[in-house]
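What follows is a group of structures, each given as structure tokens.
The two complexes that follow have chain A in common; it is paired with chain B in the first and with chain C in the second.
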Partner chain A sequence: EFMHLKFYSKKKKNKKPKKKSPEGNAESSGVEKEEEKMEKSEPGAAAFPPTFSVSEIKNKQRRHLMFMKFKQEKRKQKMQLKKKKKKEREALGDKAPPKEVPKTIENQRVFDETMVDPEDEEVAFDEATDEFSAYFNGLTNPKVLITTSDRPRGRTVRFCEQLATVIPNAHVYYRRGLALKRVIPQCVARNFTYLMVINEDRKMPNGMVLCHLPDGPTAHFKISSVRLRKEMKRRGKDPTEHSPEVILNNFSTRLGHSIGRLFAALFPQDPQFVGRQVATFHNQRDFIFFRFHRYIFKNEKKVGIQELGPRFTLKLRSLQKGTFDSKFGEYEWVLKVSNFSLRRQKSCDKETN
Partner chain B sequence: MQHDDVIWDIIGNKQFCSFKVKTKSQGFCRNEYNITGLCNRSSCPLANSQYATIREEKGQCFLYMKVIERAAFPAKMWEKVKLSKNYEKALEQIDENLIYWPRFIRHKCKQRFTKITQYLIRMRKLVLKRQRKLVPLSRKVERREKRKEEKALIAAQLDNAIEKELLERLKQGTYGDIYNFPVHAFDRALEQQDAESESESEEEEEEEEVDDEDVGKREFVADEEVEESDLSDFEEMNKLRTSSDEEDEEEEESSEEEEEEEEEMEMETKTKASRSKGKSPANGSAARKKRAYVEIEYEQETEPASKSRTT
Partner chain C sequence: MADRSRLCTVWLGSETGILKGVSVTRKQAFNFCNTSHLSRDQEVRALCWGDPAESEVLVGSVDGTVKTFSTEKGQFTDSRRCGGPADGGFTGLALCGAALVTCGECGTLRVWREDSSEPALELSAGNNVCRMRQSPVHRDRVATGGKDNGLKIWDLQKPDAPLFTAKNLRDDWLDLRRPHWVRDLAFIPDSDKVVTCTGYHQVHVFDPSSPQRRPVLEVEYGEYPLTALSLPAGGSTVVVGNTHGQIALLDLRKGVVRGCLKGLAGGVRGLQCHPTLPVVASCGLDRFLRIHSLEDRTLLHKVYLKSRLNCVLLASRDLEDGRGAAGEGGSQEVKEEEEGGEDEVWDTMERVEEKPKRKTTEEEEEELQKKKKSKKKRKKGQD
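Right after this comes the complex of A and B.
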């Protein structure tokens, strides 16, 4: 079979990008690449031409076969290398070099200057005087108005209802073609602190506008992977009326901080631990995962959690300074969709390891 | 010469007219100068040498007129008159321009003008209302985002993170006195952090085992496999036993058996507690799988005996 293939190799030119040459090396007796010319001049050479790459075989079956062999050879070499390393490590025992940590996205990130230091005074001062200070000082209680875009379908309606059970003191209102700009002053008049609009597309919720009301920031999120209560596996019973605790993970840049406070102010300041419910907003690589659990401490080292309630993921698309005003608003941050993913370069705007 | 009848005879019925669009019930005329939009003998602009229309450009209405005298000059065939924005005045203008024209054309012109003004009004009203903006989604970007989200979810390890956070809060005492867990466990952890000598930790463990109520109980356990797999559940137990583990594996002391007993006690109480609550937490089931075989061992010894009796 290999002798037959030699005919093809004779016809090809000398200047070939030598990508898959190791295949030849593995088969033959280690002929160098520079000796290809010599081989061409010797028509009767029995050695397998080394710069022959698998992709040149026209016959699909044979090409596939050769490629499989090539892969197997590679795999074998890899296994041998691994075994050797393992033996060396065992032989050295304690003196072996420490195991290498695998590279993850979180490891490789370039440090982001906007990371918040816990003791940063400027940040503390900002947070003491921003729109949420009223909430964090205990002056206001959260009151949330949940609505949808025009003509919501069943899934969105159910999602809103479930959200209303998760967030205490939340009211769902049917949007009858009202303009948001007119809705907002009415909400303010009735002492609402939050306006949440679930946008719908093709019978599924896909966007959320979260507006903190007495001229607070407006955040626009993209919602994905919504799971309603009845689609959850191994879930518990419906959540009770107790106010849940809140866990905010990984909101560590300036932007992350403000978004974290936005979420925190949705829930009342003093959670009722009797209810044993916890709402989690976990930020990982700019995706915010929302989960709602009931926990139980089995002993001081073990806790069991059981998921109730809906789950969804959010991705921030824009943060606007005032209340909702898409035309004339002042945007603090807008998501830039770059086709060229600079994963290893700048860190994501919102988070840390 | 303009022979309207001949023209109509040809294009209307017998041969092809490029402006005609036929449907099952009716024919339409796509000619821009057509006044009614239907394909009729009286509405066809090609087959009528004296014709008038109303057309609208950027919100402005114009009256177009065609007379037979100009039929030889196609460039100047249509006379364009700008109509006033006032509805009544425009109607008067139409009347004045189309004086002595056939009734049909006058009437249809006014009708068309009315319709045009109505839709212009509606357009102006709609602009003031909420406008829906359609944002195009890039398929490639969406696909990439979906994949990134999946990867982020895996990297997040949500359950672990939540549990860790809850345990942290418990340790820091945010829950106050609700949960009455034995305090010496906290002390144990604290002292482990302070003191770094192994012997101290061993002594504490042995003392606490003596205090256990179930010292005399016997359990049938497998060997060290049980210990390791169960210990991996407890992060802190790992810390506690890194030093003592090696010693335990080397020397089989009585303390080792007692430790195993203690673990099994805890595990049994936990499983009983979780069973009594009637819940099956997702993590609990995963953890239970590791411990499950301990239970199975225990049960298998009793069940076959009972079965053999019945058979």
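Right after this comes the complex of A and C.
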């Protein structure tokens, strides 16, 4: 009850006790009598010493109130400035200078020099002879092995099962604590083309290692926002056995090209689509969003889509040349926080300008 | 073609078989290719200067051919078959007088004379050789090292046995044999010592003149294999790069990391320090050439080259210099003392011009950076 009263007194009489403390240092004035006037004037104006700052008040409630007042003053000044500018603008009428464009993250982005020019011969040759050339020339069909880290929990297991329905010719195997370096030669012997390992942490899938098999690059991703089929709203029926089409958006830098090809080679190539299912990998600001839909053309211009299947977002952490060898392998690209800046966010994305 | 190749101060070999020349002042890269169509077995594995005047570049490819590229003419002038694809790629190319010394991954070190297509000398340096380098002081001494294959220094006049074979490190506290993998090595100038970097993130210094065959100094850096090594002018520091893209400056007197060069995002494949300027060029799997300054560890230049790069070669002349006059005769590995008489010419001619140029560009850059910093600082609250 005592505390309650104290609080009331502070609110109504508005800093009568507070002003005593700074005033102790400053030159004395008849402050107690002139409280009401002092309240209306600026806080930093009259009696505070110039080096006074709100943070020096030790009492939390008083400090908070002083700070609120300070912010209100600032807001008031800002509104006044705005009004003034608006008046000036209206006064000038047509002669007013054009409105300034605010700086946004998208505005400030630096053009990425590794953007691939579609007619570049060197890059075309590089891609024609890289590890995916066998797939893109139609010589191999994808066969994917999906597994997890050891002892997966229910959510990860269901995620893997759903992934296996999305990716045709995918087989889910239980990990049994086997070492990946020993699993890989066995997969190669059984003609698998991809090894996908979903890593689990605290009963949620949080990482993915995607290794292209004969001797191909290994990509390590961070998975976030996984939504399984049960959690999706307004979803369609379960996906069928048809191979989905693949849409890759915004993989336009050189690194983006490599990752895009990595995803494309997961699915069989068939120019005559049979089913109406489509898997989309959309890259934006270095995050890759995966969605799986079924579409139907209602007429020439209208399409209806239903989302089926899981959705998740990926972020590339490292791309390693060669099959999985985190200790002695050579990395083609590593996510480094020291290289990151919002202005140069560039790894796979295209410059939106 | 010829004028473009004369502008280039940095030469790089790529995985697609293209020799790239970069002119740092103009920030332009030029591709020089032998054949009209590219192929992966032309992948460049080793580069070295063909003559002391640095007018020819020797390019060693995976399929065993060594091509000569003339920087004056801007085209490939010669091609020799030195071994086959079964040898693995070249791990080292060196020029010893008029003879060419090559070493492949399988370990056979061969010396080729100008005229014949058979090697004049052939010796086996073990299996899995990762690097072969030539001593800048004694031109007929070469050193080799590889996976489970220790450092061996050979004298080409006496090819029967190596001059110096390094011993592996002492067994560890469990009495197990320490694994050993020499990835890159270099001869320290002004002395007999050799510095090597290993795949187990160690840097060793060996001294053949001392009776100790084990490394004299050992420094560890990082957790990833060190793939490239280079010695700046000065002799007490070494620059190493690893597969994760981290480049570090290590001090050899104390065995301590001096600092790291930031920016590389992929594994380092080639590192080279400039013989006179405190500058280091790095290239790697992220398809960029980066030139860092060694004094303040800042990035000076960055050029995007579209293929993965395997090796880099710096011209001894000034990097900023657009039109190169005749070379000073320095070799690419280490600063050479052969500059002698031409120093006066250089002093009078070019240095006077360049100092103000470089100063102004550096000053301008500093000013720009300061301006940017002051703009960025926005004070939100009063203090």
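One rule holds in what follows: the second predicted complex is superposed on the first by the 228 of 353 C-alpha atoms of A that agree within 3 Å, B and C clash if a C-alpha of one lies under 4 Å from a C-alpha of the other, contacts with A are read in each partner's own complex, and residues count from 1 in each chain.
Everything that follows uses one rule, which is that contacts are C-beta pairs under 8 Å (C-beta built on N, C-alpha and C of every residue); 3 or more make two chains touch, one makes a residue touch a chain.
The structure presented is a predicted model; accordingly, all values stated were derived computationally and were not measured.
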Practice problem: Using the touch definition from the top, say if A:Y174 reaches chain B (first), chain C (second), both or neither. | Solution: neither
Considering only touches as defined above, state whether A:T104 meets chain B (first), chain C (second), both or neither. first
Between chain B (first) and chain C (second), which does A:K327 come into contact with in this model arrangement: first, second, both, or neither?
second
Checklist entry - First (chain B), second (chain C), both or neither: which does A:F273 touch? => result first
The chain contacting more residues of chain A, comparing chain B with chain C, is B
With both complexes overlaid on chain A, does A:R254 touch chain B (first), chain C (second), both or neither? second
Please indicate which partner A:T114 is in contact with in the superposed arrangement: first for chain B, second for chain C, both, or neither. second
Contacts of A:T129 with chain B and chain C, given as first, second, both or neither:
second
Note: overlapping chain A surface for chain B and chain C spans 339
Listed in rising order, the residues of chain A that touch chain C in the complex are 44, 53, 113-114, 120, 122-123, 125-126, 129, 254, 321, 327-334, 336, 338-339
Listed in rising order, chain B residues that touch chain A in their complex are 129-130, 138, 140-141, 144-146, 148-149, 151-153, 155-156, 158-159, 161-163, 165-167, 169-171, 175-176, 178-179, 181-182, 185-186, 233-237, 266, 270, 273-274, 277, 279-285, 287
In their shared complex, chain B is touched by residues of chain A numbered 104-106, 177, 179, 224-225, 234, 236, 245, 247, 249, 273-274, 278, 280, 282, 284-287, 289, 291, 293, 295-307, 313, 315, 337, 339, 341
Seen from chain C, its contact residues with chain A in the complex are 15-16, 18, 31, 38-40, 199, 223-225, 227, 243-245, 262-263, 265-267, 269, 285-287, 304, 306-308, 382-383
